[in-house]
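Input: structures, listed below.
Consider the two complexes below, in which chain A is the common component and chain B and chain C are the respective partners.
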Partner chain A sequence: MENKWRFLKEKSAPYLLLTPFVIWFLIFFGYAFIRVLFFSFTDYDLFATPRFVGLSNFQGLFREFLFARALKNSLTYAIIVTTFQTIGALILAVVLNYKIRGIKFFRAAYYMPSVTSSVVITLIFIWLFQRKGVINYLLTLFAQYRLLIWVFLIFFLISQTLLVLKEKWRQRPVSIFEPSYVVLSLLLAVVITFLLKTGGFISILTVQPLETIWLNTRETTPNWAGSLAFPRPLAAIMFLNIWTTIPTFMLLYLAGLQDIPLSLYQAAEVDGASTVQKFWYVTVPQLRHITFLVVTMGLISTLQMFDQVAIIGGQAPQESIITLAYYVYVTMFPRSAIAEVGMASAAALVLAVLTLIIVVIQQRVTGERRYKSE
Partner chain B sequence: MSELSSNQQSQVELQFRIRRKRWLNVGAVYLILILISFLFMGPFLFGAISSLKDNPTEWPPTIQTAQLSPRNWLGAFNLARQAGSGGLFGQFKAGKMVQLKVTYRFPAGHEVVLPEVSIPVRVAGSGQAALDLTQKYAADYLEVSAVEEIKRWTEGGAIYAEYQIMISNPSHFNFDIVPLNLKVPYQVEFVQGTLTPNNIERLGMVQSWKNISSGLIPYIFHNYDRVFNENYSRSTGRSLFLSWVLNSFFISIMRVITTLILAAMAGYVLARLKFVGQKLFFVLILFSMMIPAQVTFISNYLVLRDGVFGLSKMFGVNSLLNTFSGLIIQGMVSGSAVFIMKQFFAGLPRSLEESACIDGASTYQTFFKIMLPLAKPALGALTILTFQGTWNDFFMPLVIITSPMDKFPLTVGLLSFRIMYGAAGMAWGPILAGAIISALPIIILFVVFQKYFVEGISFTGLKG
Partner chain C sequence: MKTRLLWGIMFLVLIISSVSQAATEIRIAGFGGNDQNIVEELIARFVETELAAQGVKIIYEPIADDYPRYILNALSAGTAADLFYMDIFWAKNVIKTGAVEPLDSYLQDSAVLSKDDIVTSLLEGFTVDGSLYGIPKDFNSLALFYNKDLFDIAGVEYPNSEDTWESLEQKLEKVVAIDQNFIGMALQPDFARMGALAYANGWEPFVGNETNLLAPEFKEAFAVYTDLKAKGLGLMPADIGQGWGGGAFATGNTATCLEGAWIIGFLRDQAPNLNYDATLLPKSTATGERGNFIFTVAWGINADSQNKELTFKVLEALTSPAAQQWVLERGLAIPSRKSLVDNPYFENETKEAQANKIVFIGAATGQVKPFSFKEYGGKWIDPINAALAEVMSGQSTVEQALATAQKRLDEDVMK
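Right after this comes the complex of A and B.
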């Protein structure tokens, strides 16, 4: 008898260990997902019993102005942010892949924006984007010094070109961005600009302090894009999010860079490839699968953007920053109306379906590659 | 012979050129790295510096603030010492007297007059603190005992005069806050003083100090002081911000504990057990990691409202909304945590369990005595990641905890801060100070356990 009991206990052990997680998973994910599906076909309002209403929630969604704006904002946001953060992360990873002393410190420093909470970062950014904030101040400074900056850049380019041409003329191998020449040209350009400034040939311009309103405005940007332009507050959030997510994806790229065999670069060098060519024909193709991961992860996370919108809240007009995730939230908990759980669920499903499409594509592609490599 | 030496010479020269070039290259890389680190650290550093300022939105923005000048540190320290307390934390003690020196510049031809000195009534904060009628104000008890000119000199046509102001406390009470106002005629300029005034108002005519006897630490961190001491809960009378910090710690630690236990158990079984529909289950877990909380919260909100199908009624609670238990139960484990543990256990050799089995150990004994101790690295990474995730979590607390305010975690509290201080023309000082405080624990954690953060990223890819 006791043996049988022990046998049962031993047999059931794995299932008992798994049970708490499965129960949690079924309630807070499985049941939740099915219920959202169910609510999207009803007119539930948190109190009365839900009534079946067919597809009218979905029809209502696509008739509503705010939802259309949310969808448009989410998609614009996802595409633009993902593009920039992928490029930025790749470049940053290449820079941080130099093996010099103290590189670990820089990696940690760059990673800072990724560990702190979105609330903290958004608050700091709202402050930077104030009418009398740091962003406007920096832009004003740029406007004041633009003549000097142009002179500086032109002389830098001239000096760099001359130095490189001189080497080429002597038939020595040299790349366009040869760092030692860059440093030399920078120094030369600084000296020339300084001399011209003290000689009175160029001067700091006097301009009105820039007072661009970044958040509380209905203006769109960029001006020339017409109907494709997006609201300026959204542009501010894009800027913020690119800044916070570049380091995260930089880490993925960094891991990938360290896996590229050195022999590939050596072979390219033997063939006489320049730095830019090596980057373009060795690094980028070798990182293909990581780029794919970064793009899909980026799209998924940007489609869900919520925190930044909620924290900026009343600081910007709602329709210019509303996203799908925020639309679901405000429809579920409207300020002064009855909750439209049906509509919120329908919108949540749209968000879920968009995410699932990307996940499925991701699984297909990575699965295929795994299959091929086996 | 001479040919050889010239050859050697050119060799040396070549060596020198190569070395010089290498140094320049390294220099260029460091330059780029430093420039980029300004881009990524700049907003934090400048935010941290500005959180000390009286007016963080001053124009033009500078990094030279009165709170960071050693002269003012000395002034604040000495004033607090004269007021009868230690210099670091001040209080104006009974029977004490402090001496403040200020210098004014009178334009040529302007009559030199003494500044008008007054101690105003200033009510700090909002809520319960502001309604406390029993509070005693320094204005009603303290006296300005003397205002004297001690020095006068001319420079560039203008007259400079230095005054000495004595303020005494003849009463039997100690005062925490002693504000001070000085008023001079139009066009008279404030040059310097023992302590730089917090505000210069009315076209430079009024210089005001928030608290002359605050002591060194509250002087430098006055916005941080405001964060903790300006907002009190209406129900418990405790500092709101302190409650938020403690709540965040409590919720994060609880969630770390539940996640570690549940994820380790489930991860172990999933790594070892074969069952029907396993592949589908993994796909579902993967989906749950991708699907945003904004989809599932609709049902989860209702589940918690109804006390998880009425189960909470067994503990005498009708609804789990606005409770920490609700927040902890909803997030007590996550798909990604189980995934991390599963990956780790799958990498351990099976021979460990086989030998345990031969020794007659049960599944539980094998798991708790052998496998769990081996999983320390993964559990460490999971602890850090879960703590960070919960500390930074904003959306679910926003949904689940809406009132009272002293139950908020830090993230939701900061949002209410934004709304509270945003109403009165945006007092950015306390908002920035609050943000910096709430970022600190995670930054410290990051500096200490850097490698776990990096490991976590490569495990999950994580959302921004």
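Right after this comes the complex of A and C.
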């Protein structure tokens, strides 16, 4: 009897501990999900009794121009942003994993974009992306000085190559980025560029100030992509989002890097692996499980991106920046004050199913590769 | 024994009723920002003094952002305020849900407020199936505000009520020729400005259930407005980092803008020394007519309110002649009461009083239409605004932009 009681207690403990979360989950997710499921088959405006309309909300969605735009925008956005933020986070993590003086400061500094409120960052970006804003100003500066910059780069490369070749010719071991030579080449390139400039051989180009409209436009970019090109305001949001999410994922990669045994690198060095080879054949495969996590989280968060679109909202044409999550919102609360709850619910379900499908596909693809490599 | 019990019960009832009376709260919802100060002062001056004896406590709930969303959610959830703002832009959609109390029976019993007291043209936007659901608290229309100093520097005659768009353009040309930093007109890419030109041309937003943006009347107005930008006579406020025409006007470099009386309070705070004046919108060059919008916000009563009678009393106090006079003199809006039409305030020589007078006259001259677009609301306006922004930022021609906008209206909005 005593034993049985203890057995029961032991078995029920985990469930008891789970209860608070399960209750929370049932109320805010389970109940809400069932309501959305129900509303997606009805015509409902928040006031009159919901009227059952079958699948017509879903049919209506796929006939709507704005929804098609939202779907396309969301998919392009998810794919591009996830790709860039994963690669960026990995590179940044590897760089910040070096043991140099003051590394803690750099880690903290690079993490700033992620801990700043996304509303604040978006507002700052709206400002930067103005027609006479900082971004256009920097691009204009670049266009003006591009000749000087090219000359400088070319002379730097020539000098560095010559210096390194000289050492190699003398059969001395030297890295391509030998620091003392880099400094020397930089100085040399600066002097040559300066002399050419004062000598009047090259000059600052006079160009029209660039006035690219980043937000209030329906133009698409890049030009060569044809129908796959995405609206320029969306590109601005992509840029903003990549910049703010890289540090978050960098943190995951940094944690992963700490777990890679040093002996692997030492073994690779013994085998004569270069820095690039070590990165490619040791670091990347060892971080595969982190990459899987980063890509999954990235896909989910980008597919459901809402806040940045909502804030940029008034600055750009709706159809250029609308994403699925934002579509749900504007259908639910349009400016005309007629809530289309049915349509919004249907769109929310489409978004949920889409997210699920994409994540499952991603899991299949990367999961399989992981299995093979082991 | 029995009498004692009776006395006891009566005593209890008395206490309970006095307690509950002391706790009678009337909640009012409206916009945040400037409106909060105004309404709170209105309540303190005109409402609480009247209703203090009845133990009414009034709470103003300012909604900072996205007011239509708040009111829709709150009404459907049963948590809405007793008395709330309804913008003519979407009022009918909310009224049709049945969540707003019809006011006819209250008005019949009222001693101080009747339908006939209110400017008739304002009531239509709040009337559904013959019943009135909102009492307009004030109204606004567009006027041409101009910076006198810039015209003086250029030695150009001020814009006046005889101007057509053509003659105004000639004046602006001379102003911008003086200094390259001068901007002729702040051109908000918004139907709420440009539409006045279309109405002046005789354009009707809805013929049957159709909207024709390709009609010559609309196209011509659209071209006049966007050409101002192309000719270098105007800029979009966003181009100089301003959110609206008033912001651009307050910088002191902008010669003219099309705004309503709402700009007066803004200029008082942001540019107190700006030497401005207002005149009626220019006439259409083609028809010689004027067009304009009526913007108005009304008070509506929550159909689920526990204290409708009291709420109506609050409404009466908020729209009383004394309260409206006070609002007018603060330069905030034009009163909706007919009796205030011949107001001595309008004869004041101050720039603010004169501007208010122009806005008031503007609402009754020429082709004036309420700023509401059937049940479509913002969805109907968005494609037109997008077209304006596109043409004025040089990304599209008038023909292309209007064709796109028409397509959006036909296929998505008015299907």
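By our rule, the second predicted complex is superposed on the first by the 314 of 374 C-alpha atoms of A that agree within 3 Å, B and C clash if a C-alpha of one lies under 4 Å from a C-alpha of the other, contacts with A are read in each partner's own complex, and residues count from 1 in each chain.
Here is the rule we use: a contact is a pair of C-beta atoms (placed from the backbone, for glycine too) under 8 Å apart; a residue touches a chain by one contact, two chains touch by 3 or more.
Note that the coordinates shown come from a computational prediction; the quantities given were computed from them, not determined experimentally.
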Practice problem: Would you mind checking whether chain B and chain C clash or fit side by side on chain A after the superposition? | Solution: clash
Practice problem: Return first, second, both or neither, reflecting whether A:24 touches chain B, chain C, both chains, or no partner chain. | Solution: first
Practice problem: May I ask you to decide whether A:213 touches chain B, chain C, both, or neither, giving the answer as first, second, both or neither? | Solution: second
Exercise. Considering only touches as defined above, state whether A:183 meets chain B (first), chain C (second), both or neither.
Key: first
Quiz item: Can A:261 be said to touch chain B (first), chain C (second), both, or neither?
Solution: neither
Exercise. For A:244, select first, second, both or neither according to whether it touches chain B, chain C, the two together, or no partner.
Key: first
Quiz item: What is the contact status of A:334 with respect to chain B (first) and chain C (second): first, second, both, or neither?
Solution: second
Self-check item: chain B versus chain C as contact partner of A:132, first or second or both or neither
Solution: both
Exercise. Identify which of the listed stretches of chain C (98-106, 242-250 or 296-304) has C-alpha atoms clashing with chain B after the superposition.
Key: 242-250
Exercise. Report, in rising order, the residues of chain A that make contact with chain B in one complex and with chain C in the other.
Key: 46, 130, 132, 315, 333
Quiz prompt | Interface residues, chain A side, partner chain C - complex | solution = 45-48, 64-66, 130-132, 213, 216-219, 315, 317-319, 333-339
Quiz item: chain A touches which residues of chain B in the complex?
Solution: 20-21, 24-33, 36-37, 39-41, 43-44, 46-47, 50, 56-61, 262-263, 265-266, 268-270, 272-273, 283-288, 290-292, 294-303, 308, 330, 332-333, 335, 338, 362-364, 367, 388, 391-392, 394-395, 398-399, 411, 414-415, 418-419, 422, 426, 428, 431-432, 434-436, 438-439, 442-443, 445-447, 450, 453-454, 457-458, 461-464
Quiz prompt | Contact footprint of chain B on chain A as seen in their complex | solution = 6, 9-10, 13-15, 17-18, 20-22, 24-25, 27-33, 35-36, 39, 46, 92, 95-96, 98, 100, 103, 106, 108-121, 123-128, 130, 132-134, 137, 179-180, 182-184, 209, 241, 243-245, 247-248, 251-252, 255, 293, 297, 300-304, 306-307, 310-311, 313-315, 324-325, 328-329, 332-333, 341, 344-345, 348-349, 351-352, 355-356, 359, 363
Quiz item: What residues of chain C sit close enough to touch chain A in their complex?
Solution: 66, 68-69, 71-73, 75-76, 89-90, 93-94, 97-99, 238-241, 375-380, 382, 386, 389-390, 393, 395, 408, 411-412
